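For reference, the structure I am asking about is given below.
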Amino acid sequence: DFEAALEEVKPAFGAQRETLESYCTGGMISSGPVFDHLLSTCHRLVNQVRSSENTPLLTCLLEGPAGSGKTALAAQLGILSEYPFVKVASAENMVGYSEHSKCLEITKIFADAHKSSLSLVILDDVERLLEYVAIGPRFSNLVLQTLLVLLKKRPPEGRKLLVCATSSSGDVLDTMGLSDVFNVVLNVPPLTLTEEIETVIQSLDVFSRADIPKAVELLGAGAMPIKRLLMLVEMARQTGDSGATRISLRDWQGVLEDLGTLP
Amino acid sequence: DFEAALEEVKPAFGAQRETLESYCTGGMISSGPVFDHLLSTCHRLVNQVRSSENTPLLTCLLEGPAGSGKTALAAQLGILSEYPFVKVASAENMVGYSEHSKCLEITKIFADAHKSSLSLVILDDVERLLEYVAIGPRFSNLVLQTLLVLLKKRPPEGRKLLVCATSSSGDVLDTMGLSDVFNVVLNVPPLTLTEEIETVIQSLDVFSRADIPKAVELLGAGAMPIKRLLMLVEMARQTGDSGATRISLRDWQGVLEDLGTLP
Amino acid sequence: DFEAALEEVKPAFGAQRETLESYCTGGMISSGPVFDHLLSTCHRLVNQVRSSENTPLLTCLLEGPAGSGKTALAAQLGILSEYPFVKVASAENMVGYSEHSKCLEITKIFADAHKSSLSLVILDDVERLLEYVAIGPRFSNLVLQTLLVLLKKRPPEGRKLLVCATSSSGDVLDTMGLSDVFNVVLNVPPLTLTEEIETVIQSLDVFSRADIPKAVELLGAGAMPIKRLLMLVEMARQTGDSGATRISLRDWQGVLEDLGTLP
Amino acid sequence: DFEAALEEVKPAFGAQRETLESYCTGGMISSGPVFDHLLSTCHRLVNQVRSSENTPLLTCLLEGPAGSGKTALAAQLGILSEYPFVKVASAENMVGYSEHSKCLEITKIFADAHKSSLSLVILDDVERLLEYVAIGPRFSNLVLQTLLVLLKKRPPEGRKLLVCATSSSGDVLDTMGLSDVFNVVLNVPPLTLTEEIETVIQSLDVFSRADIPKAVELLGAGAMPIKRLLMLVEMARQTGDSGATRISLRDWQGVLEDLGTLP
Amino acid sequence: DFEAALEEVKPAFGAQRETLESYCTGGMISSGPVFDHLLSTCHRLVNQVRSSENTPLLTCLLEGPAGSGKTALAAQLGILSEYPFVKVASAENMVGYSEHSKCLEITKIFADAHKSSLSLVILDDVERLLEYVAIGPRFSNLVLQTLLVLLKKRPPEGRKLLVCATSSSGDVLDTMGLSDVFNVVLNVPPLTLTEEIETVIQSLDVFSRADIPKAVELLGAGAMPIKRLLMLVEMARQTGDSGATRISLRDWQGVLEDLGTLP
Amino acid sequence: DFEAALEEVKPAFGAQRETLESYCTGGMISSGPVFDHLLSTCHRLVNQVRSSENTPLLTCLLEGPAGSGKTALAAQLGILSEYPFVKVASAENMVGYSEHSKCLEITKIFADAHKSSLSLVILDDVERLLEYVAIGPRFSNLVLQTLLVLLKKRPPEGRKLLVCATSSSGDVLDTMGLSDVFNVVLNVPPLTLTEEIETVIQSLDVFSRADIPKAVELLGAGAMPIKRLLMLVEMARQTGDSGATRISLRDWQGVLEDLGTLP
């Protein structure tokens, strides 16, 4: 019955692999110990669900500011887990759905997961699934209640489920009582240390080695989400001569000024 | 007519027994006098409904923080009561239901109970049945009003009913006037005393006797819900070599650090 | 036409008598002068509607804390009035009704009453009919407006109507402007004086005469709704040996401790 | 076409006369100059609409506390006006109507009035038509907007309309901007002066002449709505021997004590 | 195509002329320089739309307190403009309409205007179209958004449109962002100067010349909407002998006293 | 497939070109360095999307006060980009649409864009698409959530998309979390410097050279949206003799006085 399950869900996973890879194109860069620790804790959860008989259900929330790399991390986890059933529940696939249809879809994903011996469900951008907006605040209580129940519902005897959710509104999920139902809550921070930023920039190999310290300095102190850093680099790359392989510090400064990022 | 009722509801109970047992797998561990006292008060209620002619209806609320063992306690009560009719009303079985359907389902459960000579209805996670969320706050007034009425409605002449509800939002139920309609409100606390935690850890038999005091100390002072304690222990067990029978203090500390539980 | 009315409504009353009696099983105990005065004022209203030509409509609100005996008092009034038409409007009979259906039902009851020469309508637990909850606060304005109009609408020429409502949220009805439309508002207090509690306990005849003062003392000072007192007594009775006729002070103290009633 | 209109609406008026009379059974008692002045201002409005060509539409609001006699005054006006078309719009005739149906009904009444050469529309208890409740506050904006428009809409060339509304929530109508659209706002006060109360009591002829000052004194200082005064008197009348023609001061005092009116 | 348009819309205008005239029966009285200036600015807008090619759309808001003459002014503008297409959008013609139907109607009026070469649309009493009420506050966001868009939408190439709106809640329209979309906002004040009031009273020719200063003085200082002034005068006229051609100061004072206008 | 796409969307673009041009009739005037810088940053984005393989999706928000020229700038960008697919999503084309239909329409526009190799979507007046109003505040959360998701959704492999949105409520979009999802946020300011105003007036060539400084001075200090400046100039042009080619300072002052713009 284990093999049957493997067979049965493989195609589904096939389709999901592409989706997962599109969330972390270009591969993952390690920015330092914080990132490494995060990744290893995630692996621990993947392994525990696979091997322990006492925790048929583990739920984990990745929360951090916009663009810090949460979705990429969850997708990476999905690829590396090699679970027979991996499925992403994302608002991107539910544009225009009514609250009710969203709930049906999410319930369906969990029901499918409950049918597989070993499953991973990724709830990407939970606040989007919840249709959350700070004004009011407003959100879909229907979706929230569905999540609150599904995240506590044990899979049937003999099935195991890992749930990994991402959110950039950790405090909101707190107030909603949603953080409480997760077994584990992990913070995914933006790049904050000069060394972290430098490590990422080095990996990208777009500045001449000598320019890197100055390039980092121009970004000023303060948190920098990896998403924004990648965009700034790309913009500067397009500014230079199409033949040039490296970004000049002048182009770099130009981009930072235009986009008001310069301190 | 008593026997008829017994026969008639037995199958229903049969189905429920499995459900009840799934809520307290692994058996109940006594953490000390507070737990024992709680259990005995519950028994007193079960007995009173069975024997007294003057209290055809008794309603009891078990309230306490997340993971303190409320559902397990209520399920245990259901198993031990040996009432001919025992039924759990839980949001888990009503995912995606409209408010109206929830009310119908709950009303049906009470109507069935009113048909049996001796019944126990467990309302698990009342705030989930109510679709409660602190933001707003929002909840289903339809479900609330249904509960407010059903919890006061006497069963027909000659029938007896015990209702046992669980909730981790006691103060919210207060404000809703829901606590008021219960005859008895019992607090189910998390583990708070060092002795309580030690007793539970001892029962689990996962540390070498000598390590227990240090293991408990690492948890720091402060309340610890039994649910969380069981998860931490399981996680640490998976960390060690698969051959090892005991958790080393190092693995224990590692888990506590990873999950940010270390003081 | 008077006799015709009598005949026509008798069956309805027959059905209602059982309902009324179920609200005051065990008979009414007088706890002292406050209770006696309340009962006599109620009788005065019953008589005035029967005999005066100038007050075809009288409306009376019994308000007091939970369990103080309001419903029992109203039911008692219904039995003693011997009006040809007596009808209870209660949320218990409207579980799952929509706001609209509730209004229809209530309107129907008043329309029926307007057809009888002499009628009593009991609106039990008005805040439940209103689906009131303090959070928000929320309630059915549809039901409220229906009550506000029906409570002021004179019966047709030659018909007489007494309306008796009960509520444990007097202040809320005030804010809603509902108290204002009642001709008479009577407070039904909990037992507050030591003598009142003693009188009730004596009537129940469950303690040995010598133990009564001590038993009352154990309840501490402060208001005690009669409903709660009766439950505590019953619980203590079940604790003792099944052969025992009296409650021992030890069992009494045990019950009070268990339920956290002990001061 | 004037005569045609007269004929056409007479039956409608016939039906309304009974309704109007039921609102002021027992005739109107003048309590003193304030009352007289109020009545004469009302007459002035009735006459102006009848005779002036320049004011085809006049709207008047009678506002005052509960039971001060507003509806009786408006009904009296309707009877004395002798307009060919008089119609009462009251929530009493719309119990259970949806907001929309209420608007339709009100719009119909104004449309009918616009068809008659000379009309009086009485809007009784405007806050009931508006389904107003102080909690929230809530009300039907649909009905409000309908009134706001209809109260400013001129009848067609050659038709004349007087609108007389009653309300016990003058300040609420202010906030809603509803008072603003009335041409005239008149206050209908409760009885406040000792002389006013005395005059009314004298008219009722239920105390012996010598007892009147004492009877009035027992009522204490402060405003007394005429509705309440009439009820107290009736209650006291029922208390005495059925043969007695006068109320004794003792019975009077008894009633006041029972109903908590005694200072 | 210009002539075709003229022909096509003329009948529509015919029907509207009566409506427009009914809003300013009795002709317009100039109360002084403020009024004259207002009228001439309005004319300037009418002419600019007719002659300039660069402003195919001009929108103007007349705002001022209740009864200051806004609707009369807009109607006057409509008559004097002699545009081939003039249309009034008013809540009076939409009593009982749903929000949606109101939007349809308004959109239809603008669509029709966009078909004519030169059009004037009058939005009378914008806050009534918006179903605005200060409690809440509540209003139809559907209508508001429709107006916000239509008031900025350029007519098709070669067509010209002037929009003139009236409102007595200028500050509310501000908060709604509705004032912002008008090109021009003009204040229509009540009569405030003694001279203005005197000028209007003189024009009415209802007091003997000698009485006018005293009559004005009796009105006290403070703003007086022209609507109220006209009503007071008419009321006083009806008070005197039907033969009398002038209002006596005594009758004048009587009316002011009755309606509580006397300082 | 690239050419196919080009062909396929060209007609759509043809229809859009007219729309785009109607938003910037009369051509764009450069008011100075701020404007030039803004325009060049926009061009940089257009080029980056065209040439870089790493940024298949770029989103840009133009925010600034009413009438500062945001829509004109976005339209200009659309014309100059020469992308094969350009489409404007504007509330103007959705008057009377339900929230749901608006979402469908917007989703359709993005879906079409995702089918073209290189697309520009202009979201004009985002707060109108959102049906935003400051009172409440209220807005369509359905539309908001749709935008929040679509603005982050990567086009399919090999397609590229630039989104350019305009809004005059930048701070509101902030609170909604909508600004956060844009890669770039650019401020479009009103004219603030005397030189900027002077430059624009000079370009219009409506004052005699000598009058310009005085004309600018009359406008006073403070921000002046270009939209308002153009309207004032046009109004003054219409005031003068139809033969005159220049605006006299007297006419200029007259217009400023009438519209209350004079300091």
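Structure notes:
A, B, C, D, E and F are the chain letters, set down in written order, and residue numbers restart from 1 in every chain.
Here is the rule we use: a residue touches a chain if its C-beta (ideal position, glycine included) is under 8 Å from a C-beta of that chain, and two chains touch if they have at least 3 such contacts.
Computed from a predicted model, the values in this text were never measured in an experiment.
Superposition of chain A on chain E using C-alpha atoms only gives a rotation of 120 degrees, nearest 5.
Centre-to-centre, using mean CA coordinates, chain C is 34 Å away from chain D. Centre-to-centre, using mean CA coordinates, chain C is 68 Å away from chain F.
The geometric centre of chain B is 59 Å away from that of chain F, both derived from CA atoms. Taken as a graph of touching chains, this assembly is arranged as a ring, one closed cycle with exactly two partners per chain. Contact residues on chain A toward chain F in their complex (touch as defined above): 22, 26, 66, 91-92, 95-96, 128, 131, 133-135, 138, 230-231, 234-235, 237-239, 242, 258-260. On chain B, the positions that touch chain C within their shared complex are 37, 41, 44, 47-48, 51-52, 54-55, 100, 103-104, 107, 137, 139, 141, 144-146, 148-150, 152-154, 172, 175-177, 180-181, 183-185.
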